[in-house]
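Consider the two complexes below, in which chain A is the common component and chain B and chain C are the respective partners.
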Partner chain A sequence: MSEMVKTDYSRRQFIAGMGGLGIGAILTGAIGGTLLRPDRAMAIPASKGYIVVDTKKCSGCYSCELMCSLVHEGKENLNLSRIQVINDSFAGFPNDLMQFQCRQCPSPACVQACPTGAMHVDTENGNIRTVDASKCIGCERCINACPFTPSRVQWNNEAKHAQKCDLCQVTPFWSEKGGFEGKQACVEVCPNKAVALTHTIPSQTGDGGYQLNMRTEKGWAKLGFPIDDAGLVIGDNSLPMTKGAEPSHPAGKTGYFTKP
Partner chain B sequence: MANGFVGKILRIDLTARTTSIIETAKYESWGGGHGIGSAIFFDLVKDKKIKAFDPANVVTIMSSPLSGTAVPACSGRTEVQGIGAQSYPIEWFTRSNFGGRFGAHMKYAGWDGIVLEGKADKPVWLNIVNDKVVFQDAKDLWGKDTYETQKDIWAQVIGEQMDTWHSATSNRDGGRTTQRPAVLTIGPAGENLSRIASLIHDAGNGAGQGGFGGVWGSKNLKAISVLGTGSVELADPKALADARLWLARNYQYNVDDPAVVTPLGGATGVTVSEFGQGAVPLFTRQPGFGPELTTPVLEPSRPQGCLGCHQNCRIKTQSGQGNESQCVDGLFSSFNTVATGDELLKATDLFQRMGVNAFEFVGLMGYLVALNKMGVLGKGKKIHTDIDIANYNSYATRKALIEGIAYRKDIGKDLAEGTVRAMEKWGRLADLNTGIARFPNWGYAQHYDPRIEVEWGYGSILGERDINEHDINWAVFWQPLAAFCIGEEPAYSAKKLSEIFAEKLIPYNDPKMIDYSPEGIYSDAKVKMIAWHRHYTRFYKQSLGFCDWAYANFINPSSKDGKGYTPEAEPKFHQAVTGTKMSFLDGLEQGRKIWNLDRAIWALQGRHRDMEVFAGYVYDLDTAVPYMLPILKDGVWSYDPCQGRRLDRAKFEDWKTRYFKFEGWDIKSGWPTQETLSKLGLDNVAAELKSAGKLGS
Partner chain C sequence: MKRRGLIVGVAVGAVAVALAFAVKAASVDGAQLLFNSGAWAILLAPFVGVFAGALTKRVDPHVEGQKVLRHDGAAILEHWTHGLGTAALLVTGILLGFLFVPRQAFGPATAALITNLHFAAVIFFLFGTFYWATNTLLATKRFKEHLPTKNAIPYTVRHYGLLLGSKKYTMPPEEKYFESERMAFILAVLATGLVVITGFVKVAAHAWNVPGAIVGAATFTHDVSTILMLAFFLAHVFFAAVLPMSWPMLRSMFTGTVSLEHAKAEHAGWLATIRKADQETPVPAVVSTVKGA
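Then we have the complex of A and B:
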């Protein structure tokens, strides 16, 4: 008997009004989608920003989660982070680790499911899908409506409202400007540069649009890590430069210790 | 006040199977981690002379105010203390430390630390989910290796489906998490009371030195699982976010556009002949650098980091073998010319699975091979073994040795007591004098050479174990060695290095502190160097949790000027989290206080300066291999191979006297004095020393 209670948010719980839309919907352009709610239809403009990741480049350090919680909540709590990393210490690369970020869906089931408008599209800030906490009644329909597992919308058990990634639009504990035109804490802190912001709508088919290959020959391969899409080939980390090259770094005296 | 602490320490009485709470506030002034652990140990253990396996031995598992936060290369570390089983001849009060995420999850669950006392009547494991603590029967876990144990506990705590949200309680306000519980466990070696048994967390985090695995085994404690959904409150979140990005932008290795790239071996990895190439990443601190020296890239892999790390020094492999292991975990395999990478990684994992301290093999393996070549050890020899020592390259031999120790089979029965105790049983302690066996201090294997790299050796003999503190070592030893191994000049000249150290080693600011010349190692500058190092590490590393592989940071090839982030980073992070206006020097003073408390505990255990002498070979055998260190000769700095060096007994004793004076300790005994302890606010410690007749004068 499990000590903890599993909370499995599956597609089965997807609100019937969503019909055939959901993960598979491929929508581009200024108008992301037309969603059916029980009482009305509404047009939803596409978000102007999306978080993309390279899971094969992630080292599972959780720095993104710690920064996300820090700048949004002013405290540290992995469970209040809007990006989630799940890591299995014993499994083999690349199936040992997963990153789960909000997809800012063109057809956001969470927004459609909200009965109060708390989960909404912020048209003044790049059409990000986000929560107006003052309107949240805690029904968790948005959490259940998210078609992905784990749900990208989460219950903030301390502040008592639903929350999700807002591209750092509202970060009261950060001195830098966030939002779709600004910076995102997870992107800035990631030591491996395995998280990035794009302004182009990723492909909505499967996870491919949100899981990019950000590994470079100049950097990542020289560390001996794979840069091929599948992550099957050890990076070419053979001697990278001509011995005796002019150093460009104050610490460097020889060709071996210089900028490539 | 929001200051990084979560307010409570969980006190576990294994004998009575009860729990109670220690208010953290009572111990907060110690800073965290080691300081709090020493203070709790001092208060709770009335008779400090008890043995490691005595049920009255108290083991503390402490986080710090910085644990579980965005402070880089710090957030994930956990300090373990208590009377250890490993040291020889006396089982000193000691420490170990491990990475991963355990300490952070303790705090998310609402606990700054865990204090273990007593002994369960039969094997148990502790299941902690937030404030709920359950003693669970470990009958089905006893006998399992550390990996099996952790997977089993994961499934018991959160079920089989891992990749989803799990609620801590049936009420949603209890919090939800996507994380697996953090488990700290022993393997068969600990169950069988080995003195070289480790505590293992996840795949590659081990509290190895000290023999705490055996201590847990003696308490019938198999594992502690902790999962938390709570928050850590901070004094100045905005300052912490700024500080983290300040370090990232100015000092972090740029994985896409590196300031320094390294001449690693080819895709087939590093062989013995390419050792120098494998050493180079230790200088650059690139992701995955940890295992490069010994278990290089053998498979498609990714770097792996402890919670909150900016370096991510380990790797995870395609096969999953060798995950999170590094450096010494693979050292004894790789140095013996591994037949295949697969076997190297398997042997590495076996240490972790069995819960055997891999570092012991750094001294043990060569010693066994020597005895075998001498005709002393082998099948039918004076020391009989069925293990094929001559074929030490094979995985079969390694497996037989590691499992032999874990299950006390063959010579493993003797070696489970630690190499030096086995030597004592075999009547071969004299091998410590000839250098056939290299265990220079307190029965711990030689790490760096105490005849020349004295910040390591002096720190170890004045303490209670191999210090395992690399901050100075990275810069003075590995940095030049890596270059010389590939026929190049070091990136930092010896003179430049001395200038950087002088700038950063406040308040002493003496470049001669890193002079390793035959005269320099006995100098007054070296007195200051050792004092700085003991005080720095006791507070910043072992109490606040700054990782040994990232702090102190003297040189940094990824920074604009090549200099590291010490001493600016430490107080910047500490202040952001705790709100305490503590300067870097204030932290050193706190370290001095903790160092004195530890010193007092050792005095109560029977320590005297006359015992603080190295094994004979340190004084009687010359160094033979090149060992690059900076020296100052005739006013000129250079790197010197330091060959033909040995420690001079009289000079070292004289140095000790000057060091004791510098610390305010009795020069005859090495015990702290009333005056010194009073100045540090440790009158209660002085009183206990006085009543035991151990107060210095």
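Then we have the complex of A and C:
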């Protein structure tokens, strides 16, 4: 029969050695990593889709918010919407109704602030900046990090995690294909076509790049509304007048159109 | 005694430093999360516990005049680091919200502060747990005396029946731990094991890209383990600190000793075992020490 091999160290010494080895390895890694590792530059690929809006076409019906909540959460709740419409009765047109949507920033502060990787760039789906709810610990750093007001990241008070626009990539309550190559609930439902998807990165100066003029002569002007940002120019394709009635002002010249 | 005072001083200082660091990190601009920047400390704590455990020379219970040594210095250290760490983890964990319990930490600053305090508690909890585990590994008899016997349930019924005034029960001489305590020990080990394993998965997600399904499962299990731990903790505090009959035991968790009279009355079987061992082995003259502490 084989003999027991005698060692020069005891079990206690072996465990002490393992403990000491572990301490040394971790301290070396932590200190070495801090001292030797150069600052890591994180290259984040640009999103392949962006939601743009025309706040001057928005009528404040909140359909986009309700549909956003519905397709993502299965219920119509303005508090659960990723896109936000804010009504300020005192601001006066065109600032009385504003739409605020995630900008899918080229350098997303929310992604960089997330300590767990929950807020991440989905490289398999058009580099959309989105939340993996299962990793979210609820620290709300992403909400705080978003440089825009209101924050384009919201706290989902029912599911207890951060949420933001994912271009409808994950919509458990909608059978349509979403994401940067598919449909977006807010775009589809908006009765005024005030929300749209673009694959071209908007201008990053201010909010202008994300607030476009989507008023067309064949569509918007036919309803009798001005198509320029100042609200002065009425398109040539304005609604046909009642026979004999005269517009209160010449088309394309001045003021808002008043129907006879 | 001087050495024990030094260890207590170091432990209290470590707690103060940890708390101050957690608060400071959370109060700076952009609130630093220690789980993110100091994840390495979570890995370090178990190794420090193992190392300290391997260097610790335990002292077995023995009679010292009119007192009986019940807890040596190592037992006191592992109990309070693990116990206070658990208490802090439960409070901060519950404040952060889990399962059906709504979150009480409102706003990023408060959430960061409580998360950092959770981090500090993890350090002490892991040290205490691994210090105990190493001590147990090196002296398995200490583990066996915690395990329930086949008489666990009938003896527990008798024990509490007597406490409630029933005279129809008689008890055999009690060992160091009552059967009810031994059964609770199983729950404590189970809850601690689950909390540690799932906690490591959650910490790993701060450093690596752990799949969401694994993190989600770990989070759920961590939360369920919290309930197990809370159940054990509340029962333990009630039976070991609130009930007047337990006060001599609570005192011994600070002084290390119980009176000989108490040992005779409550743990006759344990006292007999100690006396038998004392006759066979000379009693060491010093309390347990942690070399280099």
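Basically, the second predicted complex is superposed on the first by the 188 of 260 C-alpha atoms of A that agree within 3 Å, B and C clash if a C-alpha of one lies under 4 Å from a C-alpha of the other, contacts with A are read in each partner's own complex, and residues count from 1 in each chain.
The rule is simple: contacts are C-beta pairs under 8 Å (C-beta built on N, C-alpha and C of every residue); 3 or more make two chains touch, one makes a residue touch a chain.
Because the structure is predicted, anything quoted here is derived from the model rather than measured.
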For A:Asp96, select first, second, both or neither according to whether it touches chain B, chain C, the two together, or no partner.
first
Considering only touches as defined above, state whether A:Leu78 meets chain B (first), chain C (second), both or neither.
first
Superposition-derived comparison: chain B or chain C, residues of chain A touched
B
Which of chain B and chain C A:Gly117 touches, first, second, both or neither
second
Give one of first, second, both or neither to describe whether A:Ile86 is in contact with chain B, with chain C, with both, or with none.
first
Is there a shared patch on chain A that both chain B and chain C touch, and which residues make it up?
140, 160
Contact footprint of chain B on chain A as seen in their complex
2-9, 56-63, 66-67, 69-71, 73-80, 84, 86-94, 96-98, 100, 140, 149-151, 154-155, 157-158, 160, 173-176, 185, 188-189, 191-193, 214, 216, 218-220, 222-226, 231-241, 249-254, 256-260
In the complex, chain A residues that touch chain C
11-13, 15-16, 18-20, 22-23, 26-27, 29-30, 113, 115-117, 132-135, 137-141, 143-145, 160
Give the list of chain B residues in touch with chain A in this complex.
2, 68-70, 72, 75, 101, 104, 108, 127, 129, 134, 147, 150-151, 156-159, 161-170, 172-180, 202-204, 227, 229-234, 237-238, 240-242, 244-245, 248, 252-267, 280, 286-288, 296-297, 299-312, 316-320, 323-324, 483, 486, 488-493, 555, 557, 560-562
In the complex of these two chains, what residues of chain C are touching chain A?
30-31, 33, 35-36, 40-41, 43-44, 46-55, 96-97, 103, 105, 107-108, 111-112, 115, 134, 137-138, 202, 205-206, 209-210, 212-213, 215-216, 219
